[in-house]
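In what follows, chain A forms one complex with chain B and a second complex with chain C.
Now for the complex of A and B:
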């Protein structure tokens, strides 16, 4: 028998609202199926199941806000008859959740629900009764249903209640997101002994290769510079496993794969860090497609739980309209964050001659418990070396 | 294709890339990326949308010509008419 629990969808998540069950008692589920939607401070996330079986019993009803690790449903072999869903909860009352402090750095950002940390149970959270239309509207307007008093039958939240809350600015998700980010980043800075390094990388060869590629391909198949930076970073990480790892229980735990969490800004403010999987194994066109899809999912609020739980390292790239350099805050329990500033044309010395060259400032924020400056410097130099031979990426 | 039809296609492409944008809010003379906070991924998606709607594969070297709605109209009108693209460029687009 398996337990399907509220997953940790990032170091800054302490609770989530189960907004919809896509599967119901008696339904067959397969590993990787999306079976529920969870609303977090960072948006609505589709949650996958990590085992095969039959959804035997739903424990948490739609509308309930529960802490990370709470049992949501029971997955069985299908031998027993499905149990009925829990009885309807009483009408709207604000769910009781702890203040937005992130889970301990030692708590894994669970790769699977079964590995999710088990938070101490809270007093029973009351479900939120809302019409389907109100739920959809709340998702569209980024309004938190748990903060609204319903005016419909039995106290149910109706469309007009959501519109009024949106007009008041109450339950604003962007404010909650900022608080969640603040809590996680403050904890990271408080607990992780960061050190920072930076180097300027000559992008002449990479830019020339990219221009040639893009000139030969239709718009839909063109590449962004960020894709080359991601691939070079992933290949370099293979030589520096301490930077592609977690620091947990006072020890370094290198990751088996390179899944790069890509800092993605959201329209209207805030950010999420969905993971690009197995970056070192992908071709550049494959990476471009995945990055494009991830950004689209992040900005349309359709990320999946595995997008947010699998990152083994983080990369932030300022793109073409940012600052020269970025020095990031490590996303716990990871051990490194790599930053790329905005590429720019600068004077560069080649064979004794000053020539204009496209360059980028690459930075490393690393956990000093896991690595040191010497290794960090070699890591950045490896990225620089790989970018001089873009055809090999 | 008339300039009005091209303008409509450009605005449709922008809205497809930045959902929720009202076409009436888009200013023709203000850089598109500035007014809508479009990043490099948004911009390349905009170029893809133009290609799909107008069958014009704007070369990367011409991205700067697409900085504003008016710039897009000017560039696309000449390209669709088979003439050379207009001289001059705006801010880099990628």
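Now for the complex of A and C:
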């Protein structure tokens, strides 16, 4: 019998709100199925199940906020009788979060023969029942309506509820995300002794190969330079496992696969780091497709739990934002963050001649507990070497 | 000066007849009897039978005669006993009074004033008690006003006589004995402007004519519960003063429309619709309506009271659009 628990969807997450069950008791579930949605400080996340079976029992109801690790549902073989209901059992160490008290039913207004009959409550639009004014105000104040308890007619969220949420700062998704980023980054700089290295890489060969590839393929199959950088990084990491690892409990725990967390800025502000899985084993077109989908999911707020939890290392690519190099802050408990500046044409010496070349500055922020500068330098040199043979990527 | 609504009307009629020789009054029982509601009591003696004329019991004929007189350069004031009876004259109103300026390319003008009683509450049963002013407000080409106070009863009539087009004045029958303060001057409000009778912040209660007093009574009760209702007196039903209505709703974010007419296809429906067109994104609750029950107004007092909008029903509707944020009384 399996236990489906509230996952950690970020290093600093202590609790999440179960917002929706996509599967119900009796439903067959397969590994990888998205069975629930969880609301966290970083957004609404679809959560996957990691085993095959039957959803036997739901322990946490929709709308409840529970600590990480709390049993949410029981997955069984489907053969046995449903287990007796048990109260949610958070791990002893986890912080207690009181479940929200359900709003008490409003006393109905005295019936009046001359008053218009009260219409039956309409099904809520987009899952939230809110007045037009509340919706407009929420948009202006950047308050997230989900999770606000309405005090208006029929439990609708009204202006006052939005104002109260804005005053608490609790409903403001971007403020919550900012706090989550702040917590993770502060923890990182507090605990991780960073060291930084950078090297400029000649992209001449990679650019030429890419131009050739893109000329030969329809737009849907064309590649961006970013996937070459990702693939080269992943292959290099295979040779430097201490940079694709976690530092936990005073020891290095190398990861079995290379899942690269890709820093993705959101249009509304803030960022998320969804992971591209098994980058070292993927072909470039596969990677391109996955990156494209991942960015789309991140921006539309439909990331899955595995997107956010599986990263073993982080890459931040400044793309066309104009900076030459980035010296990042490691996302704990990872041990490295690799940065790429904006590729640009620079004077470059080739065979004694100064020629214009497309170059990029690659940088490494590494945990000095896990690695040293010597290894870090070799790692960056490996990326540079791999990028000289793009056809091998 | 304090006077009754009835006295205010009589003062206005006396002044109009004295000031302009083109003005005359006609209708059923307006002369010898002094008017069904005694608005014209004593005017026959004062102005004589040429200026205060009793007519046969034919609404179509005397409203039509009023239209003809207006076309001929007079300033007739036609009194119809109740809005129920005025239906016999609807052909004259809709097909002649409202259309002649348009159909003559602006050559003809119908400066006619028609006064009539409307509304229930006096136990005179289903043929004398309806509130059909909303039907008139549907018709382009005429103007429709509803004085709710003695002051407006005094000053809307001279303003109506100055209009070049037909103006219909609806006097709620329960208002005639009501006393109120009447100023010396009409005041700053134009004939077709709405008035805020009681400022508030939580909900706009929109009413006209006989419902204004009920809305004010409801607001008084709601104030004891911590709810500040703003009471808006429409005054003009056609044209509607959209600007004042929307300004108030945008401030209070909730609205209750009180209308003694029947709910379906009513003036209240028009107002609620304009609010959702013009202030949708300011609304914190659906617009609520308090209207008459959709029955012929009953004769027995308890049934008549139940059929008409009452302060309790207005309070309940207001609490409904605020529930439970304000009505629980728990708000600071």
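Assume the second predicted complex is superposed on the first by the 304 of 393 C-alpha atoms of A that agree within 3 Å, B and C clash if a C-alpha of one lies under 4 Å from a C-alpha of the other, contacts with A are read in each partner's own complex, and residues count from 1 in each chain.
The criterion applied here is as follows: contacts are C-beta pairs under 8 Å (C-beta built on N, C-alpha and C of every residue); 3 or more make two chains touch, one makes a residue touch a chain.
Just so we're clear, the structure is a prediction, and the values are computed from it rather than from any experiment.
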item	value
First, second, both or neither for A:159, with chain B first and chain C second	second
Touching partner for A:151 - first (chain B), second (chain C), both, neither	second
Partner chain(s) touched by A:134 [first = chain B, second = chain C, both, neither]	second
Partner contacting more residues of chain A (chain B vs chain C)	C
Which superposed partner A:190 touches (first chain B, second chain C, both, neither)	neither
Contacts of A:226 with chain B and chain C, given as first, second, both or neither	first
Touching partner for A:374 - first (chain B), second (chain C), both, neither	neither
Chain A residues contacted in one complex by chain B, in the other by chain C	none
Of chain B, residues touching chain A in the complex	18-20, 33, 37, 39-41, 44-45, 47-48, 50-51, 57-61, 92, 94
Interfacial residue positions of chain C with respect to chain A in the complex	253, 263, 280-286, 288-293, 306-310, 312-314, 316-317, 319-325, 327-328
Complex interface listing, chain A residues touching chain C	106-107, 109-116, 118-119, 131-136, 151-153, 156, 158-160
Chain B-facing residues of chain A, complex	211, 214-215, 218-220, 222, 224-226, 265, 267, 291-292, 295, 300, 319-321
